[in-house]
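Take a look at the structures below.
The following pair of complexes shares a single chain, chain A, combined with chain B in the former and chain C in the latter.
Moving on to the complex of A and B:
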């Protein structure tokens, strides 16, 4: 029977596909899991190949909490990530709305430029950006961590523009005929319709910024002003790397992001699916 | 040209709208009388929707003059004109309740003009009034997604009339409704027109709808007005062949005459069986043939015999023969011969009195206008 054969083939393909996905997932979470497990091992077992420790310990956590400014660093990182996310969101909402609502004649050109800016590696801009930030006296400050990163809002603008463009034009026209001024159209009609997209873009930018390494390393190298990602370097010393402390601190500082994930996992999945990025 | 300052009076002079190289409206002249229910009808692409958008202020004319209530509105933004619009897809604000949809414009007015704008009590009172007028009283707290198509349309109508505009524009208001709802919605619009006294400008591609609703009918073709006037004028004295074939159903029959053409309506033809009618010499145009060469159709109780087949008892034409209406000898007549129903292949003749003939010259313009 061809029907049964086809069903069987489809089933086999499904099983094979899930097998591939399982292997990939395992490969992705294995290092994380290994790191977490290792953070519970005493120093003399750090290099052992057994995943579980014979004498699990919390000494690295105690060390990380007492010797390392964990709250301060998480606070700094949060301020930076939230500041960049909110700032980029403001730019993206206003930019996307203006491009869609006023449809300027240079719209095509602007979109091309925004897309080109995505292709420029951030590393290529980092020296002039650093010099400018230094000249402004923003080194080792939240301003220095946040403001220069708002220049990279092109992706957020393009993502939101897709959503504004997808709104029925008659909806915006109806508001205009009802006497709404442009900002009132934005506030009363566009923003409520865009709420899911805005949430997605915010989360996307927040997580990307939280994990950023290069910019905070340059702008805020001092231990007390810097972010979690840079702060972890402190466990690499001239005498070698304190892997236990490093992994304990990394685990601790992953917790806030983990909480964000758990609370908004659905939104995050949507955000990444919609943006076509991972 | 007389300019009046009556609210709701619309005057268009040489109005042109171009999109790049293409011309949507071509030096269009039109007067829409205050308080009329003006229906603009035409084939798709004739510019009727563009005209509506220019009237509303959503589009700016490339050239020409537009007066609403006797005053030029060129510089006025859409929201500042005395004009409201019902969109084809209704465009209800999805996250607002029916009451919030209705009051949105008034609330903006109150915010923009704290002294002259309506008070909270007045807004509530007008929402209640419009809700009552359109039978939306019990739906005020619902959201658009929870409404049926007909209810959504009534909300869209309500949102448009709550600001008491002098001009109400309706873009294909019935096209999104199924045929049952269409009749009641049509009645609703007519009733609304009587009650609010505004000028209604309704765009449609359905000439049935146009003839049945309009007090003032405008036929558009290729970005210009082909003819405007009362529906009777357009039906009985079409200015061009285009208007003649576009207005009325079944469409006017046309056949060659000299260097132009002559047209006649099926309803004006006196039909008889050909063999019985030879005795008298008729005065007027005589069309002879069999039911295979003549096409018969009808309405109401009348018999329908069409080329090669009989169509139902009601005899609505189901096919679109517009392509071969002009040159060949397919005619549309709506009569029957006494008690006997015509059958396919019957010889028949139709006599059309001279007064009912429409003569067009080679350019399709009416000769005896």
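Moving on to the complex of A and C:
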């Protein structure tokens, strides 16, 4: 019976499909998953091969919270990520609006400058950027963590510009003929139309900045002023690494982003999709 | 994505571009341009200046030494090795940024539904989790004494490995640790490309009774070629930057420099050895390379747009 045979083949294909995808998925998230599971094991079982302990414990979390300035570091990281996200958004909205609305004759040149800046490896600029930050007295400060990263707004400007350029010209021209001033057009016509794009850019910049490693390592190495990513180094001592505390702290510091992702995974993948690269 | 890399130089919504109108744009453009000049283009030029100075970061800036920093950079074996390893990373990460995410995306696309949505969300997780958190989990797993990796290979009778300390395995480990994020991200980009496939070609393949594999091979993959070329190029150019955090957390460029690359070398020279001049020379070489490449890109686009 060809029908039954086809049904059987379809079923086998379905099983193979699930098998491949679940193995790949597991392989990709297994390291982090193992880290999280380990953070709940008591110290004497930490190297056990069983994923779950018979005596799960929060001792490493208690240690991480009492011995490690977790609230302070999460606060620092939040201030940096929010500062960079909001700052980039403000200057990008103004810039993208101006490029589209006024069409300055230098538009082509500015776009080229922005596009090329996307290709410049950030690691190749760290020496002068560090010297300037130090000269301004911004080492170990929120300003030093935030302001230099506002130079990298090109992606935000180009993403928003695509959306402003896509607005129907009649919409803006009508407002212009009505005698609306540019700021009024920006505020009452462009901003409401851009709301989804603005949300996407904010999410994208916030998450990439939260996970940022090199810049805070350079300008805020001091224990209390730094971000969570750099603060994790404090679990490494001369006597070795306290893996229980380290994995508990790593779990705690990834939690805010993971919670946001669980709530809004579709929105977030859309935001990353728009960025294309990064 | 392609449109972002190739913005239209022509004007947007404005219909009349009188000079007076254009001039009113500057107050709005000042913040973005000022920050871009102070924190990106200024530092890029200043890197070039620093590369000609004798300067140890702990002391005061010294005098002009011509190409001395470049000569020293090329005399020490480390920089040449770092450049070679950068290419090795580019080659090693290429399958993880093209063929593997392509097949994952195609599989998810072939069976849309609840299961594929769940898989897609989970597969994207490596992009969300902080690279440092991923790297410290790996370090725990690869711990030479009792780590999961050695315990697992012991089950099949293999001797324990010093994964991060052995030149034979360290670079492979860095590539694998980095690959999850790259694969996850590019899978998303391939998924987006698949959602724009030409429906008529798929319908034609169905009418021809093409098998699933034939459809994939002769209808789907050819339409993904543009995406593959672009992602492959980006991967080759950016691979060395992608591994930076993992190198820093896991190996610091060692053992014997096998996991080093030019970006990490800039950091080591500048912030471990405080060799400002040599670090700037290394950075200037990288900037020159990217400068030439991106100017080439811009001119290529211009000439293609014209003719």
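Please note the rule applied: the second predicted complex is superposed on the first by the 249 of 278 C-alpha atoms of A that agree within 3 Å, B and C clash if a C-alpha of one lies under 4 Å from a C-alpha of the other, contacts with A are read in each partner's own complex, and residues count from 1 in each chain.
Heads up, the rule we're going with is that contacts are C-beta pairs under 8 Å (C-beta built on N, C-alpha and C of every residue); 3 or more make two chains touch, one makes a residue touch a chain.
Just so we're clear, the structure is a prediction, and the values are computed from it rather than from any experiment.
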Is the number of chain A residues in contact higher for chain B or for chain C? C
Please indicate which partner A:3 is in contact with in the superposed arrangement: first for chain B, second for chain C, both, or neither. neither
Figure out whether A:173 sits in contact with chain B (first) or chain C (second), or with both, or with neither. both
One more residue to check, A:103. First (chain B), second (chain C), both or neither? second
After the superposition on A, what does A:35 contact: first (chain B), second (chain C), both or neither? second
For A:189, is the partner it touches chain B (first), chain C (second), both, or none of the two (neither)? first
For A:25 in the superposed arrangement: first (chain B), second (chain C), both or neither? second
Residues of chain A that lie at the interface with chain B and also at the interface with chain C: 173
Complex interface listing, chain A residues touching chain C: 13-14, 17-18, 20-22, 24-25, 28-29, 31-32, 34-35, 38, 47, 49, 90-92, 94-95, 97-108, 110-117, 119-130, 132, 147-155, 157-159, 161-162, 164-165, 167, 169, 172-173, 182, 207, 210-211, 213-214, 217-218, 228-229, 232, 241, 243, 246-247, 250-251, 253-254, 257-258, 261, 265, 268-269, 272-273, 275-277
In the complex of these two chains, what residues of chain B are touching chain A? 56-58, 77-80, 83-85, 87-89, 91, 93-95, 104-105, 108-109, 112, 159, 163
Help me check something: in the complex, which residues belonging to chain A touch chain B? 168, 170-171, 173-181, 184, 188-189, 192-193
Using the touch rule from the top, collect the residues of chain C that touch chain A in their complex. 1-5, 7-15, 17, 19, 21-26, 28-29, 31-33, 35-36, 38-44, 46-47, 50, 104, 107-108, 110-111, 115, 119-134, 136-141, 143, 145-148, 151-152, 177, 180, 183-185, 188-189, 192, 212, 234, 238, 241, 244-245, 248, 263-264, 266-267, 270-271, 276, 279-280, 283-284, 286-287, 290-291, 293-295, 297-298
